[in-house]
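In the two complexes that follow, chain A is the common piece, with chain B as its partner first and chain C second.
Our next item is the complex of A and B:
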């Protein structure tokens, strides 16, 4: 294994410029995926260090510490414990020195790797009047420190040199210079002894780290030792006594005391090695001036809504231009291929498979790509500038009342355009519970594909009140989303708080490189992962509509037609129990607007005359029930694909499909039966 | 507990304290600790072993069985509480307090003891750990000098101690303590909300919640329900 490519992990706080350092180190040689079992992005890239040696750089999630309370921090910690990379480069925003130094101290305390500290944003620190003695600090901490300005590429070459040097040394993990004082250290040693004696305890954690975390009363580590039998008991009883004794001594709980001690140590380092030429905190920085406007009591909301409107426009209008091209390209390609097969007397089913199945399938994946690309462009810019946190700050009150998080607002608004990018936008939510609830209720926001259905039915049967009827459907979706968000929260995540403890990072100019990288990688994730499911289902439905061989595409004799006939009685209580409606709904799974086209095909009319045809088959009441059904039932296949992709769980995906199907049917039945009782039928 | 004699309780406690201090407890050490002869220790330990409270290995090493450990901890805790009541609250010197605690723990009724423990907990739950409630300082001064308390209506101990959600924009404060369920508390602590940290309320979101604070040179936002868990002293 000596020729294995060495791994260097990259750690750092969110907004420390870690991604910029990562991009500067690896360039375009990146691979983006997910950490196993979760939907947290995992990036790795290759680079050649100063001595020409190739290394793999793994970009850990942005974290503040190494607790097990957030998925990101757990991922980072477990990666370090499992992979034991010999080197960890920690990126710090030194203009925010005090909080940023906490993480490297924790990494030293974990004690599995050697550290190199990247003091990033030295220019901002200087502008703040900070003079940092990096050499002195490096001596005291016992690790190399490299000052950088990653956005301008300053210091990156030096960093590569130092990484190569450190890698060649193959030394012991960096020791932690922080000591907690005689009493606490005594307790740590006593616990370490007990841990070492407890032979049945799995050796998952370094002993000192485990002892400290136990003293802090960390639940996860307590569970780790209490799972063992009698020897572990020894650790536990020792721990309770030590804790009680120390807490009496110190005067408050040990957890607070230890964290305070670490910050106290950092404060000491600052006093010694950071000179402040002037105290800028007294002055208003540019960032604060922007915040005065952007989160202003009166302007905050309008500015947020305006930016949402811009995002919406960019995603659907600008994206729509490209979407039309892609759509017509695949339409044309399908026609040409079908024609080619016809002229060469190939079998008709093959032409249909290629045209409607395969080309249609690929097309239905790629058709979303422009929307998704522009959406992520907007989101990346908002994230990189620091606005995203402000948006959440401004909207949190409202969203929290719905049982969601401030950042849930963006996916909910985007849902009016298309649920696929909307659900992908939930990636900005850190808390998995918030994310799952936002995903589950998102399809209730009437996407633009549902509008053609509303227009057709409302136009045909409610000509005088068309606008009101359509508006009522949008409103119904929103009301349902709010009600279900609250319901799901109490049903599935009862008692689990999702607190808001959020940093508002300083505003920064985004670098185009990282904005585009970010946008590109996220778009590719959609194509690769959600694409497979979407493509597969399109082909499946083609099969159902074309077989048995020889039937007319999607006619009553095809499998799908028979299914429709079979299913029609189920919709009888909702007032539209005929096979055409059932088949149309079935095809609506492909994309909701397909309902309109399918009805056209099945009734054998062109689109202009479809309204009149619909008016013959539906009454206003059944039409309304049908529209509500179309709003609520099963998200389209592309949405199902991203739900699976983003929840990483067939269980939640199945639930999203199941609840919406049932709820849609139930509402349609209630409306039809209720309407009949009121004499509207 | 009732079936255990006073001296048996003392033995359990002695074994626990020795195990804590030296990592082990031997018959000889227990004898020295309690000031009794070795044979009496052996006899007493035999009784405890029979009750399943202590394990007696060879070479005189004594170890608490789980049941004995629980009992010993309870006794020890009771002793410590009494000691704190005498020493910290009444202001008795440490040595006397230690001796009296030893005697009291055996002779007062469980009801009185329970109420005393509650009282100590109550006094110790005072949020400001560096100082004590004002009434207690007044009492101590009174005990020493006979000086009557100044006429104040203050019962909370410090009029400036508030929770973070009560502050107004522009107010500065120093963090005193952080509460909340373990994971939330940890999250706030590692973001720098530790005792002694200075912060300033910067602004409230347009809809009235959350609130943003300047802390350690960066901006942190909390909902009011989280801010309520942070106790501060207004500057």
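Our next item is the complex of A and C:
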């Protein structure tokens, strides 16, 4: 224990600036967004405190309380209960004091850690005319309070000092100063006694916390005490009695009474320690005025669609400008490398591996980096300004009509970038049914990895209508997602979607620094993928295409050629029943951009000439069928992995893989056969 | 008592009842929305309703706005004690 690096947990409401504090403390640059639940991943970083001691800081998900009805809240609570970090730093947006103080009160009630309160956004509080007596407040609450403006790094050094000081104290968990009044306290005590007497009850929760949650009638805790062989029967009977008694006395439900008490206590603190020089709440803020327009019943959707259109314009038109440069760069690089090996009398196989395999394969994927960069740029800007959260509301009705939830919109949009973070973003959905449907249909959103395939094929065979063809594929994905969401909903998940309630953070001017950082960070994931999975795959394919020894490179007699020949008949009804296509699709399971890389390797050419090669092998009809297949069939390995992790079920993972494989094949066949009937073949 | 969805923009109302499961009730509570709390309707134009709750803005989907019942009598419910 003493040798272990101490853990400090970082907690706070969504939009409280918690992630910014985390970055300022650890120096780890991560993304800061504006929609709730942005820190869904468990992030941790190391930092040296004031005394030079090293600690691990764990960034908990942004939460409002500890009721465990959303995954985020459960993650946070269970972490605190299990790991029992000696110190929890709670970040509060003090300009929003009243609501933000609820969480630390809950943490004190849970009673497992010492707290340090970080009063963030002091500048905004001051601008709102608030004067906060942090010293007085700190005395009453019995915990240190450090004022900060994390975006400007103000107060962070002081925070490090105080954390070191508190850590060195190794004291008891911070006690909760809140008391519920004689009657309720009496009931809590009686219940605590009953809990302690129920010896066989697993000791998962602190007794006072358990007693309070039971009085509130929280299902999870009720299930805990009435589990197998009902070890907590004595507690249960006691509870029913106490609840009835209290509710009769209070006149309404106990749960509301307890919540009122907590907020009442906070109001009391506000009255005593927060002076408001003027009341700004009365005035309509600029943020509200913008909301009147962007969430307007008639204007909301057109504005949303316009922004989406702008996003795609930026991605393809602006991104496309850079595409040609990178393209010719790799072409040139390949030629130069091959020439160099030739002139130095290096082995021919090495020239082939470098030019055909690595530079051809990886290069054909990396040319799409500009597109991906601009897509992530647009998404980051929408997140940072706060528009994303509004988008959820604008889309709520439409999403409901699809059988999805307004919040499903965020993962769906992110799916255009990459399905992996998109599926992780479904954690903000509280209802598991909504989550699973959103996860299942998410891979149908054309992620940036599929774009290279579209660009290649549409460019080669539909050069006059390239944009329209690509757009139609994006649209097809969306339409399929809607249709399947509806279908899955009626098949597996009857009942209403859960209601949409979300905090709308004030609009903020995004800082270029953080927007660019987010974009860069996310684009780098793509580059990393190009450097690892894609690199590995293309090298593997090169080997498979060059062996057995003596075969002509990437001919049908090579290993890869034989594998493709084996698979090709399956795709015959879809019109692309030749082995190169089969091999490309097979390896595309690793990552969809590999389809392009594989074709590049198999045809032994880089991006520049690949289009011409593709045009020789495909007709417009078969190319379209192939693109539809690439859109729908099997999510890539990384996505399959994240589906398994997020649904925690092999059944759903298998279902996602199975349905997409079949649907992709079916659609490709339908398109090809239908097209032929219409005489398009 | 009427649903929140019927409120006028700019109105100050008191939450009376929330129809819905325990899950959503608890979530609303933690955001400061519970029976007895006074809120301001910042935006109501037929789409989502945006409320000012304890100084922050909370958006409520149209569907949910029909399940939160409010009144404007300004009388808070009897408090404990």
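Everything below uses one rule, namely that the second predicted complex is superposed on the first by the 358 of 681 C-alpha atoms of A that agree within 3 Å, B and C clash if a C-alpha of one lies under 4 Å from a C-alpha of the other, contacts with A are read in each partner's own complex, and residues count from 1 in each chain.
Here is the rule we go by: contacts are C-beta pairs under 8 Å (C-beta built on N, C-alpha and C of every residue); 3 or more make two chains touch, one makes a residue touch a chain.
Source: prediction; values computed, not measured.
Per the definitions stated earlier, placing chain B and chain C onto a shared chain A by superposition produces a clash between them.
With both structures placed on the common chain, the touch criterion links A:184 to chain C but leaves chain B unconnected. Applying the stated contact rule after C-alpha superposition, one finds that A:367 touches neither chain B nor chain C. Of the two partner chains placed around the shared chain by superposition, chain B is the only one that A:398 touches, whereas chain C remains out of contact. When both complexes are overlaid on chain A, the residue A:244 reaches chain B alone and has no touch with chain C. With both structures placed on the common chain, the touch criterion links A:193 to chain B but leaves chain C unconnected.
Shared-chain residue A:291: touches chain B and chain C both.
Shared interface residues of chain A, touching chain B in one complex and chain C in the other, are 64-65, 67, 69-70, 95-99, 102, 217-219, 251-252, 255-256, 259-260, 263-264, 281, 291-292, 295-297, 300, 389, 393-394, 396-397, 400, 406, 499-506. The touching residues of chain C, counted against chain A in their complex, run 20, 22-32, 34-37, 40, 42-43, 45-48, 50, 52-64, 67, 77-81.
Here chain B touches chain A in the complex through residues 16, 20, 23, 66, 69, 73, 76-77, 80, 84, 129-130, 177-178, 181-192, 194-197, 202-210, 212, 214, 216-223, 225-226, going by the rule given at the top. Here chain A touches chain B in the complex through residues 64-65, 67, 69-70, 95-99, 102, 190, 193, 216-219, 233, 237-238, 240-242, 244-245, 248, 251-252, 255-256, 259-260, 263-264, 281, 291-292, 295-298, 300-301, 389, 393-398, 400, 406, 497, 499-506, going by the rule given at the top.
Of all residues in chain A, only 64-65, 67, 69-70, 95-99, 102-103, 181, 183-184, 217-219, 250-252, 255-257, 259-261, 263-264, 281, 284, 287-288, 291-292, 295-297, 300, 389-390, 392-394, 396-397, 400, 406, 430-431, 496, 498-506 touch chain C in the complex they form.
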